[in-house]
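The first chain written gets the first letter, and so on, giving A, B and C; residue counts start at 1 in each chain.
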Amino acid sequence: MKSQITNALSDFFFEYETPRQVLVRNRRVGVVCRIIQLGVLAYIIGWVFIYEKGYQSTDTAVSSVYTKMKGVGYTSVNGTERVWDVADYVFPSQGSSSFVVMTNYIITEGQEMGKCPELPGKHNCSSDADCEGGRYRRTAHGEMTGVCVDSTKTCEVLAWCPVENDHNIPDPPLLISAENYTLFIKNSVTFPLFGVTRSNLVEGIDSSYIRRCLYHPKDAPLCPIFRLGDIVQQSGFSIENIAKEGGAIGIVVDWTCNFDVAVKHCKPKYNFHGLYGHPDEKDKVKASVGYNFRYAKHYIENGTEKRTLLKVFGIRFDIIVQSLARKFDIIPTLTAIGSGVGIFGVATVVC
Amino acid sequence: MKSQITNALSDFFFEYETPRQVLVRNRRVGVVCRIIQLGVLAYIIGWVFIYEKGYQSTDTAVSSVYTKMKGVGYTSVNGTERVWDVADYVFPSQGSSSFVVMTNYIITEGQEMGKCPELPGKHNCSSDADCEGGRYRRTAHGEMTGVCVDSTKTCEVLAWCPVENDHNIPDPPLLISAENYTLFIKNSVTFPLFGVTRSNLVEGIDSSYIRRCLYHPKDAPLCPIFRLGDIVQQSGFSIENIAKEGGAIGIVVDWTCNFDVAVKHCKPKYNFHGLYGHPDEKDKVKASVGYNFRYAKHYIENGTEKRTLLKVFGIRFDIIVQSLARKFDIIPTLTAIGSGVGIFGVATVVC
Amino acid sequence: MKSQITNALSDFFFEYETPRQVLVRNRRVGVVCRIIQLGVLAYIIGWVFIYEKGYQSTDTAVSSVYTKMKGVGYTSVNGTERVWDVADYVFPSQGSSSFVVMTNYIITEGQEMGKCPELPGKHNCSSDADCEGGRYRRTAHGEMTGVCVDSTKTCEVLAWCPVENDHNIPDPPLLISAENYTLFIKNSVTFPLFGVTRSNLVEGIDSSYIRRCLYHPKDAPLCPIFRLGDIVQQSGFSIENIAKEGGAIGIVVDWTCNFDVAVKHCKPKYNFHGLYGHPDEKDKVKASVGYNFRYAKHYIENGTEKRTLLKVFGIRFDIIVQSLARKFDIIPTLTAIGSGVGIFGVATVVC
């Protein structure tokens, strides 16, 4: 009995099958076969492994961004000089990864709740009948009182009065000096799969260097301080155009890292491009340029609430972190080999 | 010597092995074999290629969103009429992808730093002993002075006085008219792997169309202007409920694209759903509905700093960009074939 | 004719080939072969399936976060007591997933537009020649008027006067009491591929529990209410240091779910870590600690616009949602098997 088992085992271990092969001598078929096989082999090694890096597993990062602007702007509108600092021209103030820098504005001072006529040209009326009381139009400034004001020939509305007049945008832009502001970006990325955390303040970018450096694609590609004018220009805009009506720019921080080499070689690349581009260029100006929003400062003057309304035209910056890390991993390697062999099988079958 | 090598080479090239086959005649086994093989074949072609599109590589996009509200609200609280425009009801103002539209509020005017009793019912006390000076409770409005006020039978606190009373929320909501506001969404996506950038202002959606269109799932699925009431309703809420206590709605912009066809067929789909839903419905009302935050407007009145505190109830909108692009790629194709052949191998081995 | 086809079919169905095998008796080769094959088998089953879960497909979630702070701070600066509530110390106010809690500040009250000398030590000058009118330095507070003020020996600038003096940061931090604030996090995730939506208010976390619970890694790992002090400490900071100059902390909500088991087992894990860490520790203090921004409250006093400037030092919290869900899927399973077989093939070929 026991001997049988041992026999069986020994058989299992010490014997193995191999298919009887026939050797066929045929020039054409032979050549074709070899070429196909070699081709497949080349593909597996050359493409999958060297080009596509099929032996590595990939991971994307979770990231966090902190931004800080520096610089002051100066305006002189009909005699009154004014200086704009960070607290005035950055929205929101707390240094998030997406923010707007004011480059132009339409200011409406001393607005208070009351009744006043709409802007000429927009909500015209010939008689009170045209201004149905209690209703409002989507683009109106307030609720119609039902009165048609003779002087302006527009409906009277209950609104923040006087209503804002944004028909003509200041040109040249009031805060064109924004091009001289500087932007400081602090960005940290963590690759959970590989357990690696990196900051854009890589080795060598210490505080003393930061104090004097300014980003330049060639000369200082790792300096985290950017001049606004440079960003605008490198993203294909002209400061005059974008500053007047506003626009949106994406600052891509690209972390493409290979952790099979030393981690310190994992450094960010910065590049800049305009956002909200319209497919067909002809319509670009009309539909996609322009970024503005309204913002009010409230105050009380002799007991009545008033506000200063700002229609802010500005450049919206989105800091977009793109990340792709690669590292050797046994699983994808074997999967690649396995399927490679499969294809090899096909090749031989073809013969 | 040389001849030997040439011989070997010629052998390598002009000969090839093929296993000698035996032909077995067996109905049952034969049929089973064929069925298995056909099944595998069907799977590889049908599922992997047609259904799962195993021959394409996929990529997700980096995106950027710009939002803009339009419309005015009107309130008439005990006699004083008031109009609310964009600068009043949108937080934050600068048109980011996540923002809150105020639909209801509790206003506490003229608060200033001082000492006053807590709200009745919350921090009751019978004697000063109950109000330990210098300490505060997590839910209190300020720091206890150590005095128990007789009139209200609550602890006196150093706080912004008078303290806010948010026991009863205005019903119906003060700014129910919010349902008539409109939301304009500008969204651009970039698929780095395929180098394609798209905007939700696709071909044909030009400025003239935008000026008059309004989103409708059937009639105008590509119009980027949405009526708040529609969004709320399509995400399964009733405007009355959500406007009173606030809530959160996700606006998903879905970019599912196949770049094997013309890029212009890559268009966004919009859909809407409530956020923060609670697993078991019974508790939903208590735990998950409601979105509010406090917001203060500061001012100086005869030398002393004062503030107007707003407890804002509103609808928080998160614009969530979902993207998945597919394009033919040789690698996944061959991998699919390879592994398919592998399985085919298994099938034959089974025989 | 017909008979031929039927013949062919019957042949196709009822016959099958199998290679003639030779049985080779060879101890060494045999053993090696078996071991290799067993190894491969072990790898496929053990690693790919049990360890790497090669039979499951994965998906990441789209998520939405709502945060709410509670608690009051108290400061007593040269005699004037003051209480800080949510509306005062949270930026931005509307409960987004990334926000700053003020822990320290430098206040400059009653600034107005005018001419005043720069801070001593920064922009020194010996004569007007050193202060070129109309220009400004990047780090200056305003535009130079061209005058060198004797008293301070610094250039005169047109700016918000008096200029802010942030040379010495209050120590101990004015709002160290921030450690007692509590943070409430509401987070919902949706896995589009599997059509599952989850909230961090999982089964059992109802409103009554939320009212009394406080997060603790061991005792209450699912309570969505966190004490600031605990977060800071668990992320490796000391409240004293971070509160003084500010810092950034990431709160990772980790959704690692296996949907082959009941959905209710899919629960979030919270963990905390500092952000913006610098690679080499020595320079950490200088380059990476510190988070501050400037924020202004505007008001009108007897007709002139004034502002109160706050340089806010605070803790920036980023709520980062990490998600990975797995579920059985036939495709990856077969791919894994397929490539496994491929490798098995290699093994046998090796023999």
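The working rule: contacts are C-beta pairs under 8 Å (C-beta built on N, C-alpha and C of every residue); 3 or more make two chains touch, one makes a residue touch a chain.
Note that this is a predicted model, so its numbers are computed, not measured.
The set of chains in contact with chain B as well as chain C comprises A. Under half of the residue numbers at the interface between copies chain A and chain C are found on both sides, making the touching surfaces mostly different.
One inter-chain figure worth recording: chain A and chain C are separated by 17 Å, centre to centre, where each centre is the mean of the chain's CA atoms. Shown for chain B are the residues that touch two or more other chains, namely 19-20, 92, 299, 335-336, 338-342, 345. Taken together, the chain A residues at the contact with chain C in this complex read 12-20, 62, 64, 66, 68, 70-72, 74, 81-83, 85-88, 92-97, 180, 182, 186, 188, 192, 197-199, 201-203, 205-207, 210, 264, 297, 299, 301, 306, 308, 330-331, 334-342, 345.
Taken in their complex, chain A has these residues touching chain B: 19-27, 29-31, 33-34, 43, 47-48, 52, 54, 91-92, 98-100, 113, 136, 138-143, 157-160, 248, 250, 252, 275-280, 283, 286-288, 291, 293-296, 298-300, 307, 309, 312, 316, 318, 320, 322, 335-336, 338-343, 345-346, 351.
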